[in-house]
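Each remark here refers to the structure printed beneath this line.
Labels run A, B and C following the written order; every chain starts at residue 1.
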């Protein structure tokens, strides 16, 4: 079965990573890979809603931030709880929050949904910023977590999440997602509850993004409103799957990786003010104009065409 | 004294709201009729504001005078953005393909505009310090900035002119024809893509007016563009997705909500209150507050 | 002189599937030609390809010896090839008068505006009575009249009629064709008509083609065609 292949390559990738880690000793590259992985997880989460349901969210930083703050807050109040436990709590809290917020948000679709999610991001961020109980703009410092454990853990979770998403979209529920996206009327006719299906996608999406947020808190040992709830976080989460190939697992994985790498490259190489925005903007325009579906599906199509042309020639 | 402050706040809110209404108008014109989604009008507005700032600081040109140059420039900018970047998506299925593609392309362009502003003018807050910036008209105890009066007036003028053009002129009738049936419009001999491009150009010009008034009442920085875009869209959603009159009322309401929140509560929360209001509206009336037809 | 010449036209909606599979026919500048075929023969696809709504994948379309298959819809209209589409055709949010006036886009049409308007109102008196009403308030038959009226306002030099009978009651269709016959005689223009109701179409036209699955299988004068088995098959619907 296809899934078996995925699991095997996942395990292979993980072993490869462990070998790599034992050689380089958790240096800059390992650090960077972990950082990319965080956005890959969040991107996979976003893709479930944005790609498979077709509702673009501009506010996934909310779930990311909730995950991070669920880890940060108990520490800020001096409670001594296992941090990894908190990470998973964070994922669940983000999911619960998504369940509640799905009630108003999923009543609309398309453009209002997009603006609504952006608004949600603003609301939550503003609340955190003005609440002394949530440490306002100061943020919370955490004890730094053992990198030897944390990095492999992040990579392992990333691989697990990718395989989970791949598995999920091939189940009944994944087909329902696509039905709701492509043929909503027909989906309703055969008895699919559109609201419930969308809410399921939103909750799972939030859980994954919350997980990424929790790991981010451990990774950075610091949480503050602008890093966790900021619009830029939403944008990075969104851009990856969109550029890589919306509605495909691999495309979203490539996309998130490309976006984060380019972003960091631009930040260190282009010294001009706003240079990395220019790069992102140009990338977005180019991808949309050349291949509307994103880089990965575009490449697959191109390969198909090349193969076909080759077959014709023979 | 309490009452005077309140009335003052309300007038201020209407003044600020007229800028959002202008932006909303720009969106509603192309979105409500031709189903073109733009995500960059806020950035266009700020770009226009910076250009006004530049002309004022280097050549001493009054921002209103520079509008004479900026309006046509932005008209053609919008015209060519539509023909180059948006045209490939115009025949696509509505929301699924077309809107998403248009949002992403215009957002990309918006990002480039913002980056260019960062490069040229850096992120420092700038103001256009025209002499009449702080001039106010006083009625009894209430003072109203003259810029606010001008922006409300220009809103009324633009709305009236747009309505006249849509109702009476050949261009406006073609525009309405394109909005109801694309294929029939083409078969009637109307150049559909050109009408879309013109509409987008007009909508970009409206954004210029909004940007100029924004620069005259606020400090400008490149990052403000996306925020303005979203506020314009909030006005469109509250206004019922595309009715021009509804969008204007909704834009003024957005301004009112912001200034009243600042007056009664914490200014930092004005956007949060606005979007909470939007979420509540989405629960109770998903079709918008001033839904037409 | 040939006013319209279609050579080996291939067209379709999906890159892999051709609906029209190499279609060729022609229309002289003084005749009325009917294209008949069963449902799904590709008649509407052909009309869309002729008017530029759908870009043909292969083949050529010549109008007065000039190639038009690469032109945009409004450029084709500008040349004088005007189509009455099978669906839509009117703007429901405009008044009838606006609908007619907006169709006056060719230079020639602007010069002949008054005569054309007179002709339309004369042929379809119902439209003149309601000229201030929105087109959305009209009945199906009247909307078709308006759609034809819009084509007339364009001063067509070649009129393409796509399934006029679509969605209308038989009596209305009959009346419409009587009016159309009258109109085209007055205007003296060539007409290409595509129709599902075979006998009406062949009665209206002097010459016809029979289409099956994207290809022309038969051609001849209307009387001849009416006697053939292929046409009878379409007539009874198999």
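What we mean here is this: a contact is a pair of C-beta atoms (placed from the backbone, for glycine too) under 8 Å apart; a residue touches a chain by one contact, two chains touch by 3 or more.
What you are looking at is a predicted structure, and each value in this text was computed from that prediction instead of being measured.
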Per-chain Cα centre nearest the global Cα centre, belonging to chain: B
Per Cα centroids, the chain farthest from chain B: C
Centre-to-centre distance between chain B and chain A (centres being mean Cα positions), rounded to whole Å: 32
CA centroid of chain B to CA centroid of chain C, Å: 43
Between chain C and chain A, distance of the C-alpha-averaged centres to the nearest whole Å: 53
Complex interface listing, chain B residues touching chain C: 170, 173-174, 176-177, 179-181, 183-193
Sites on chain A touched by chain B in the complex: 54, 56, 103-105, 107-112, 114-116, 118-120, 122-123, 126-127, 129-130, 181-182, 231, 242, 246, 272-278, 280-285, 288-289, 292
Complex contact set, residues of chain B against chain A: 31, 37, 85, 88-89, 95-97, 99-101, 103-105, 107-119, 122-123, 222, 226, 230, 233-234, 237, 241, 266, 268-269, 271-272, 274-276, 278-280, 282-283, 286
Touching residues on chain C, where the partner in the complex is chain B: 51-53, 72-74, 77-78, 82-83, 85, 88-94, 98, 101-103, 105-106, 150, 154
